Every structure is written in C-alpha cells, then in structure tokens.
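Consider the two complexes below, in which subunit A is the common component and subunit B and subunit C are the respective partners.
And now, the complex of A and B:
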C-alpha cells in the first residue's frame, strides 16, 4: 500500500483496508468495516500508532487542502458578530474559532435561555445584544442544518465590543451596561467580563 | 430661513424645523437636564434635528419634533389598529402600517390560555397596544393593558375603517376633545376607535351616519379649530 509519501486523494477514494489502517481525520470506515475511504479532499498521510496502545495499526489522515479552516466544535469558544436580534433568539456569524479565523461561513444562534445563567425566562434579547455586536460565545452543539447553537451563559462570555447609536465604540461599565464615550449614553448589553 | 446668531431654545419652539437645523447649543446652557424625544439627536455639544416637522416643548424640559406622515413608525405604548395577516403557532402576524409585520402573542388576551385561543380570520381588524418596538425586530403587540385587563382592546366588529395620516390621529386623540368630534357628538351617536398608526374606525347605527362621520373627519385634517366647527356644522345641516 505504499505509494508517494503524500498522495493527493478525493472523497470516496480507497485509502486502505480497515485491518491495516485506522481512520483518522478526513477518513472513515465503510459500513461493513472492511475498507477505509477518504471523506475530504487533500493529501493522505500516515501516522504511526501511539506508544503503549494495543492497536498496531497506523492512522491515515487526509489534510492539507486550503479550505480546511478551523471548524466550530461543541465545547470551543468562538467569536461571532450578531446579525439579527429577534424576540426569542439572536443570529450570529461565527468569525473565529479560538484564536484562528474561519475560512467559510458558519452561522450560530443564541437562544433566549442560553444568554445568561440566571432568570433565563426574563431575558430581553434587545437588552442583551444588538446587530453588529461582537460576542464571545461557547458552542453548545452542532444544532440543526442552518446554525450552531451558541451560549453566552458565563461571566467571561457575552458582548466584547459594541458600537453605540452615535457610532462610537462603547466602554463596558458593568455586566449589563456599556457607555458611549461621545454622548455619555448608557446602553444595555450582556457584557463579557474583561481579562485574560 | 433666517439663521439666528445665538441659538436659544425658545427661538425654535413651535416652528417648522428641517433635518440639520441646530436647535439647542448645550455649551450655553449649564446644569440643566434636557429630555429629547423623537426627531432630535445629540451631536457632541449641539442638538440637531433629524426629522422635518414642528419642534415642540413641554415643561419642564422635554423637546421633540412632531410631524405627520402616512407611514407609521412603531413605538412602545401606542394604541393602534392592526389587521390580522396570518396566524402562526405562537402568535398572530398583524399589519400595523409599519416597516415590519407585528407579532401578537396568542396568549396576550385577558384570561388567555392555550385552550381558549381566539380564532381571528385573515383581515380581522384589531385594536391593540404596542408593547415592544425596537429597530430591527418585529414589534410586539398585546390585547391587554399594562395591568392585564382587556380594556377595550380586541377585535372591532362592523363599522368602517379608513386610513389617513398620523397627524390626524393625534389631533383626534388630543385633550381637550377636538372640535370635530365634539360638534359631531352633539348631534350624532357613533363610536370611534383611533389608532396612532393612521387608521380610524367608525361605527354607527345607520350607514349614512357612519359615512358622514368618516368623510367629515377626513376633510377637517388641515383646518384650524374654528374652521373645523364651521365645516362640521355645514355638513350636518346638509344631512338634515
């Protein structure tokens, strides 16, 4: 099964037998557990088995295509920009996963019950987010076909940066309020606790 | 349009103002709190106008711009006349002549539970209160007042609804009673519901009274109080 060290593969190509190889990232085992196929486009690479494990098979992965940017996974903290605020939820465009920016468009939804941890049925979405705010959120789940489910129900999650109605970047005052430096107007948001 | 060298607040009150006019200079006024209503905006040290209309002032410190439009901008606390467009699982979609359809929650009625949800057909006329109206979000309505009572909100049966401008609606709702309604009310018996979104509903025992009241109101929009009384009396004489 040797060939070039880094063979270019496309989805559906056979990578090897399941008895000889373990399926890593970008690869999967067929339903009858006999063959390992590629599921992404990229370069095939083999990694030897980790020490101390019983499994002697090397792991085959498909990596390297430039469209494989970071992808939101449940449990990761993402940075998103709020696009729409509605009565019971807010839509956001995910821009970064951890420290890296994403290469494709991912949409997230923050539901009313996931905005904060206390008094979740009295949350006013308009007093928590506005369109254009940058928020730090946690990915709860893959959600449905349209969007990931995000949550800001922690002290360090919430609005990181927002513009006031006068157009200036606001300064956070408390966990519920931000103030405009030009007009002094205070606006309500669910503010993230600043700090490393 | 003369330009005044010093901008004192009294110079512009009750005058027609246009977007861009500077009406107040905050650096000249010290230690005062001023409340700005619709149509005004703070630009650093000056207050400038955003909407064309008449600048109004109410003691002690409220300024706002009043204008009359055929379009309605939803704002919380207004009583409006809406038309049901659709019924979804959780709310009715109601048209209130604003930029977006408004949501009327299915439970926002006095004594409303999941079991006795009212069945409104498409086209039903409702007298409702705007609860929340934020930019970008669909306005939220309710058929209850702030304390949870029904208070005249709900569907309006029979009668005739016509649309006009928001200025006319405000005139009809002003206190003391506007001359048109007062003069009409002395001779005729009718009921009327005025929505701040430019819709007015009139109902009377006979169609001719309804038509007379509706036409009279529509014709008196731009008349002064004295002219209104004269016009109404003329029209009433023709009926007799």
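And now, the complex of A and C:
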C-alpha cells in the first residue's frame, strides 16, 4: 500500500543510533544518549542536515496522523479579536496563527508601548483599538501565566477590520483613521497597511 | 474445585499458557482527542483521552511538565449483579492511581509543560483482568491522540491454580482466591512499569508466573502494533496520501 517505503513505527521502536541521527519531532534520545527511539505512531522520515551546519547527521522525524491545533510562538504573526481596552493595554483573543485557525483560544495582551513604533508614551489605547476589532499582531513572547504579549508596532500590523458605531464594516483611509461607509463618520484606530 | 482438568484444559477450554481473544478498535469516541475499545475475552473496556489541554485547576499546574489525570469507573451493568456505587469506592480509586502512575511513566510529560492530559477508562463488561485491559486501552487511546510516549505500555495478568501457572485469568479463576499477578511492561525498552500481586506465592513460583505474564504482555504489544498500523493505513488512504 502507499507509503510503505517509509517505515511505519510505534512508540518505543528504535530509529537508529544517536551518533548517526538527530532526534526531530516525534522522536527522542534515550537517557544514556545512545539510541534514538520513536515517541509517536506514524511514518518515519529522514531530512538531510541543513546547509552550512557543522552537524553532519540527518534528522529523523515521525509524522503522526493527528493534527494538533497550532500554538502561538514568538515571532509568528497572529490574527486576534480585541476583547477589552484599558488605559495601558488591550486584551485580545488569538484566533489564527499564520494561516491556520486555533483549536482552543489563547489570550494575548497588547501593551501601550507595543502599539506603534513612534511616540510610544503618547499612545491613546481607545484611539487605537475598540472591543470587537480584528487585529493582525506579532507575538513578542510567551508573556506571563495569563496571556501572550503581542505587538502591532509595524506598518503591516494593526486593525484589519472593524465595525463602526453604526454597525457597518469600516474602510481604512490612513494609518490612524477608518471611515464608516454608511454614515461617513471617521473613527480613530491603529490601522494595518492593506495589501501584501 | 478443579480449575485445570487432567487433560490440561481450563474451565473455558483454554490451555494454561493461552491468552483470551484480543480485539481492539481506535477512534470510537469522536469528541475525545484519542479513544479506544479493548476486549480481552469477555472483558470489555473503553478509554478516552483528552489533551494536552489547558490545566483546569491552576493550583495543580506544573511549570516543567504536563499533569496526567486518570479516572477508572465500572459501568453499573458491567458485572453480574448491578453495581450500586461504580465510582469513588476504594477499589476504583486505587486502580485509577495505578493506571495514572503507569501511564505517567511512559508519557514524555516534559514536552508539554503547563498542560493537562485526562485519561478516562470505563469498564463495560467485567470478566477478570479489567486492570490490564484498562492499561492496554489507555495506551491505544494515547497513541491515537498523538501524545508522545517513550514506548507502548502493555499489561497482562497471570495466576497459579492447581499447581499450574495460568495466563490471563477470567473472573471465575480470579475469584478462586489464588494468587493474581498483574504486570505492565514497556515492550521495546524491556522495562517493568507495573507489578501487583494478590495473595501469596513462593518466590521461585512467583518468578515463573511473572515471566508468563510478561510473555502475555509481549503478545498484547504485537497485537496493539498491528492495530495501530492498520488504523494509520486506513487514515492515510482516506486522506488520499500518495
């Protein structure tokens, strides 16, 4: 059947010696650092070592069949919905990590100093975000026990979509303003650069 | 009472070193992250695994490893007479603890800090060897959930009646009052993670009985591996891979 050239392994099966292979995802090295075993059920695959690294060993990985939901990592761009706006920070629920949507929601915080790159002490949170706004943000770090730390301090980060007070989806007109198509009212937000 | 007749057959027609028929199915509880049904003869057990997910009780959260919780219960209809209190009694609490310790030894908990893994096992039909069937079902469910483990854990029980070591006791043989040795091993790493015994045995006889149980565990391990391979092949073909 398909895929039999890649060996099917179950947890505990020997994949090779630690001197010849590096343990990737789905594999682990035994306590005495000699053997590489599988830790998941699936098909094993070998990837050659990356260019220019001094480690000549290929990496062995076991690809399981269960796809777990993505988890935010520092340096990734996420899409979040703002839930609370306070004087010095805004709370947001992270809904997508990169192109994939998450299985269970994660909480993120955008602090006043991370909203934009210039004049960070003069930021007015209520003129940057409102509850219900969809923002594109960058994960700065794992943060504290309660939430990830997010940042919108780049041109392409910030509010992507927002509803006006009249209930219509607003159109961005500059990096600080969005306009409601129904009433013509202009509202202040930290807007993300469209396109790209 | 004669548990092994002069021809060498047990009450249900098995030979002393013969295990009961094994049957397993994966993915039976769609809401759970991993689930399995495991049958050893007439003993039927269902296991469901949820996790890794966020810890519900913040005070128990651990910064460097995952929290493993296990709950064992017997359905009211699992035994001959309808059970009055299937959960929370001493036997269930003890077995929950035993299963949790056994599975915790093989899950790579340091890969999932600040998270929780819940294992729920329920006995649907009890005919001896429920503890072993539960551990086997939990292993399958954890493998189905894709939780990284250092090895599969398999378990089997053995006893000693009428001067003969018997593999995989059923309820009648278990209630005979003789010794009942339950062993749980990591088959590829060749390590013992669970060893329990009721009643008394001479040390050399004990070694024979334990060795027999370990052979039973290895047979269960090869069956579990077959089931996992079949399941993975089915999933790959459904996804249209290659």
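The rule we apply is simple: the second predicted complex is superposed on the first by the 129 of 196 C-alpha atoms of A that agree within 3 Å, B and C clash if a C-alpha of one lies under 4 Å from a C-alpha of the other, contacts with A are read in each partner's own complex, and residues count from 1 in each chain.
As a working rule, contacts are C-beta pairs under 8 Å (C-beta built on N, C-alpha and C of every residue); 3 or more make two chains touch, one makes a residue touch a chain.
Everything numeric in this text was worked out from a predicted model, so none of it was measured.
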| item | value |
| --- | --- |
| First, second, both or neither for A:126, with subunit B first and subunit C second | first |
| First (subunit B), second (subunit C), both or neither touched by A:37 | second |
| Partner chain in contact with A:175 - subunit B first, subunit C second, else both or neither | neither |
| Touching partner for A:87 - first (subunit B), second (subunit C), both, neither | first |
| Partner touching more residues of subunit A, whether subunit B or subunit C | C |
| Partner chain in contact with A:183 - subunit B first, subunit C second, else both or neither | first |
| Subunit B versus subunit C as contact partner of A:64, first or second or both or neither | second |
| Partner chain in contact with A:13 - subunit B first, subunit C second, else both or neither | second |
| Interface residues, subunit A side, partner subunit C - complex | 1-3, 8, 10-14, 26, 28, 37, 39-43, 64-66, 68, 104 |
| Contact set on subunit A toward subunit B in their complex | 84-87, 125-126, 130-131, 166, 182-183 |
| Subunit A-touching residues of subunit C, taken from the complex the two chains share | 33-34, 53-54, 106, 108, 143-146, 148-152, 186-189, 224-225, 228-229, 232-233, 235-237, 241-242 |
| Interface residues, subunit B side, partner subunit A - complex | 42, 44, 103, 132, 134, 136-138, 140 |
